[in-house]
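Multiple structures follow.
You will see two complexes here that share chain A, one where it goes with chain B and one where it goes with chain C.
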Partner chain A sequence: MSIRVPLLVGAVILIAGLTLSMLLTDYHLRLLNLAALSAIAVIGLNFAFGYAGLISLGHAAFVGAGAYGVALLTTLFAWSPWLALPAAVAGTAVLAMLIGVPLLRLKGHYLALATLGFNVSFSIVAANWIEVTGGTNGISRIPELQIAGHALTDERSYLWFALLVLAVSAAVAALIHGSRHGRAMIAVRDDETASSMTGIDVPRVKLAAFVLSSVYAAVAGGLFAFHMRFISPEDFGYAHSITYLAMLVVGGEGSIVGAILGALLVTFLPEWLRFLGSAYLAFFGLFVLAILIFLPSGLAGIRRPRSFRRHGLMKWPALVAASKEARP
Partner chain B sequence: MSLLQATEIAKRYGGLAALADVDLSVGEAEFVAVIGPNGAGKSTLLNVLTGLALPDKGRALLDGWDMTRAATHKRVRGGLGRTFQHGRPFERLSVLENVMTGAAIQSGRSELELRERAMAVLDQMGLAAEAQLPIGSLSYGHRRMVEMCRALACEPRVLLLDEPAAGLNSAEVDQLVDRLTDLRTKHRIAIVLIEHNMGMVMRLAERIIVLNFGCKIAEGTPSEIQSDPAVLSAYLGEGYRHAGV
Partner chain C sequence: MTDLIQLLINGLAIGSVYALAAIGFVIVYSATGVVNFAAGQFVMFGTFAGVAMLLNAQLPWPVGYGAALLAMALFGALFFVVLYLPLRASPVVTIIIGTVAIGITMQNAALLAFGSWPFRLPSPVESVNLTIAGATISGHAVAVVIVTALMVALLWLLFFRTSLGIGMRAVAQDIKAARLMGLKVNRLLALSWILAALLAGIAGLMLGPMWFADTSMGDPIALKAFAATIIGGFGSLPGAIVGGLFVGLSEVLGASYVSSAYKDLISFGIMILFLLVRPQGVFGERIQDRG
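Let's turn to the complex of A and B:
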């Protein structure tokens, strides 16, 4: 793939986000911030699940590892936030490698259960190792990020920063997708035996996808900690892992644009449907079900049929036809 | 010294001896066919050679390297290629991308180089026009050709083909025969062919190995095999010689 696609993806994110940041209220900017950070995590999950087919229900634990990493390094050891972030990301990558080596020997539902167990363990440790993590009280007084003396304390300036990171993350992901490494991950999901018969080291590719997904999760977690400036175990429970998975499925697994769309939609949907009250969860369940039945390749799958993709512009009838074609 | 050498390979599945002390040797650019009735152990032999199944006994050498217990991808990097019985291309990649995964066998190649190498292989096998298509839009015969292109992009010295002609029409079989002949003569690739299409086997093979119930019952040139009484009764049938295939 040429360098144009990643650049385009990044540019669209920045332009759309900057325009929105001028129009929205503070509350909606906050939601947009959370959506942008979730999008970074979901782009990461897309490597493991969307490309390599590893069902991970422990993604929120890696987000948490990144968040607790920066929180501890900045509050306990008074590190600079700019130093704490890469250190926390690197630490999370090592953690993912250590648990990935034994866990990735499992397949399908067994892997899903094992990663879920990892996430539950993470929550238990975070809630009970009080001397370090502060238990359920969490960690507060996390310092704010500063760029050239300007503190990123208000929602708007933080959003600009988050969008920049999202744009870079998406562009890097698009580059990997179009490289031999991306193709190897997709090949492994399609057919492990045929992959090894093509000279692909299957366990290594799986581990790489898993670690890469944890790196994106840790970046999102670190930025979440600097944004909220307070974290607690409930931000990283297994329910959040399921939400990340839902974002990816709704947006379109295997698609970077889909990961971003899914993160946006699933973040804003509860706001738009607040009038439903506690019936929202029932609606959300039906919504995901409807996506799985009518758009199995997610929102991004609307443009999937190649004849439409090539011509760019799409008319409404074509959209309907495409959604029909996408049905199994 | 032969390029691929398997000695006394034995493999049991439960009480069934899928392979019992089978020997196989393939020289450089040699064309060897393995034939036999269904269940004779032909695919098991390929699985053992490619590391998808480990043998209970015996050794397999690739150009002197003992690969008996080596991981599959290492054997491929060592020069072993294989296609599967029903064709297993990567469905979510385009034709070109499928072949590019094979070309990535050597690390350090640029994307451009991978693309050029893959296009060269597709061109050679007559699939260049379909390079950008998704796998799902190809005919069965072409899907199988894509898989062969992917294996060739790995630059094998020995290519193991599991019933490549199954499901192809007679024109496609003729084309396949020409391409396999080219691979051997122009590219010096040794080929081990498992096939039920006897016309194709007799046209291509220099040497034929016949398996039955996991045992090698005969080995020889096509004309020797066609007149071997054990082969006629186990597989080809008594009428084969007179049918003049």
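Let's turn to the complex of A and C:
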């Protein structure tokens, strides 16, 4: 793949986001910030689930690991935020490796329930290890990010920064998708036996996808901590893992654009359903269900031909069309 | 010693509820292949069906319990039509997200109907207390264990002694072959969902007097039922019973002897340990590598 697509994705995110940031009120900017941070986490989840086919219900725990790492390093040890963020991301990657080596031997719903168990355990520890995590009171007074002396305290300037990170994350993800490593992940998802026959080291590719997804999660978590400047265990419960997965499935798994659209839609949907009053969450569930039934390949699948199926397995007419498109 | 007896009975009682929830979950999983993440909300609906019939409608308990279970059976059939039929050909994750989405709807519908204030569901035997070796034991806890044992016996009779149950097992084993043998596959699949909803309803009615009836009670029960199924063995009915009792006992004993804050970590830690060392659980399905 050429470098053009990732650059285009990044540019579109920046332009659309900058335009929106001039039009919206502070409250909607805050939601947009949350959507952008979720989008980073969901692009990460897309490596594990969308490409490598690993059902992870523990993604929020990695977001939490990034957030708690940043919070502890800046409040307990008074590190600079810019130093704490890479350290927390690296720590989360190591954690993902330690968790991934034993757990990734499992498949399908076994892996789903094991990662769910990991997420629940993370929440229990975060809520009860009071000396370190502050228990359910959480950690407050996390310092704000500063760029060249300008503190990112208001929603608009933080959004600009979050969009920049999102654009870079999406572009890097698009590059990986187009590379040998991305194709190896997709091959492992489609057929493990066949891909190991062609010389792909399946456990290694799975672990790489899992660790990569945790790195994105930790970046999102660290930025979340600097944005809210207060974190508590309920921000990283397993319900959030399911939300991330729902964002990806609603947007269209295996698609970076879909991950971003899903994060936006699921973040803003409760807002748009507010006219339903206190019933909005009940309708939210039905709405997600309707998308699953009527748009089986998600929002990103709307523009694709019908024969381009959800699994990414193409029927032959689509294959012919795709090969025609590929010619110069 | 008297403490221990009391704890054991309470652990068995709460474990029985988890076991019934896990059995419902396993029946649906083995018949339809659906990992039902709304299983906890089913139990919550059972409790609130009891609240509606016994507290709001003030029915006498035999009528109220019957009406609550009838409502649950109808709900199981509705779930089959609204969720399972449209999504049955979808990948596993789509169905998982679908059941989660329905679960969110169920929880919030209950919240709208009953409010966030917890209810106390009465038990028909709550005035009865037994004394065994100096330990005072609530009649409800004993009744829960007895009812669960009865249900397990009835299920065994259904699955091994009636043509209906044998048909359900045939569908669970091989849908195509079952259809070729002339079984009414869809009807039997619907029956699995109804049975699961009924078991969840019974679990909910028995749980109501032990916990407060609260619309957010579904998620913790679902997690315990998942842990029970993994420990006992995915897809195995005896496994669901053993797993449920184990989770219940470890929760109650862990809370009083180890740490009440970390009591849930014990069952989830053991669940993850089982996944790593013996993923098929105590009695579980043989795991195939679908290459």
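The rule is short, and it goes like this: the second predicted complex is superposed on the first by the 303 of 328 C-alpha atoms of A that agree within 3 Å, B and C clash if a C-alpha of one lies under 4 Å from a C-alpha of the other, contacts with A are read in each partner's own complex, and residues count from 1 in each chain.
FYI, contacts are C-beta pairs under 8 Å (C-beta built on N, C-alpha and C of every residue); 3 or more make two chains touch, one makes a residue touch a chain.
Source: prediction; values computed, not measured.
Q: Once the structures are superposed on A, label A:Leu98 by its partner contacts, choosing first (chain B), second (chain C), both or neither.
A: After superposing on A, A:Leu98 lies clear of both chain B and chain C.
Q: Quick one: classify A:Ile15 as touching chain B (first), chain C (second), both or neither.
A: Neither partner.
Q: Quick check for you: in the superposed arrangement, does A:Ala282 touch first (chain B), second (chain C), both or neither?
A: second
Q: Please indicate which partner A:Thr193 is in contact with in the superposed arrangement: first for chain B, second for chain C, both, or neither.
A: Both: A:Thr193 reaches chain B and chain C.
Q: Once the structures are superposed on A, label A:Gly254 by its partner contacts, choosing first (chain B), second (chain C), both or neither.
A: After superposing on A, A:Gly254 lies in contact with chain B but is clear of chain C.
Q: What's your read, chain B or chain C touching more residues of chain A?
A: Comparing touch counts on chain A for chain B and chain C gives C.
Q: Quick one: classify A:Leu83 as touching chain B (first), chain C (second), both or neither.
A: neither
Q: Identify the partner contact of A:Asp201: answer first if only chain B is touched, second if only chain C is, both if each is, neither if none is.
A: So A:Asp201 only meets chain B here.
Q: Considering only touches as defined above, state whether A:Leu116 meets chain B (first), chain C (second), both or neither.
A: second
Q: Contact-wise, after the overlay, does A:Arg183 reach chain B, chain C, both or neither (first, second, both, neither)?
A: In the superposition, A:Arg183 contacts chain B only.
Q: Show which residues of chain A both chain B and chain C reach, each in its own complex.
A: Chain A residues touching both partners: 191, 193-194.
Q: Which residues of chain B touch chain A once you look at their complex with the stated criterion?
A: 50-52, 71-73, 76-77, 81-82, 84, 88-93, 97, 100-102, 104-105, 111, 114, 134, 147, 150-151, 154
Q: Provide the residue numbers of chain C that touch chain A in the complex, in ascending order.
A: Residues of chain C touching chain A: 35, 37, 83, 86-87, 90-94, 96-98, 100-106, 108-109, 111-112, 219, 223, 226-227, 230, 234, 261-262, 264-265, 268-269, 271-272, 275-276, 279, 287, 289, 291.
Q: Taking the complex as given, what residues does chain A use to touch chain B?
A: 1, 178-180, 183-184, 186-187, 189-191, 193-202, 254, 306
Q: If you look only at chain A, which of its residues touch chain C in the complex?
A: The touching residues are 49, 55, 102-103, 105-110, 112-114, 116-118, 120-121, 124-125, 127-128, 191-194, 239, 242, 245-246, 249, 253, 278-279, 281-286, 288-289, 292-293, 296, 310-311.
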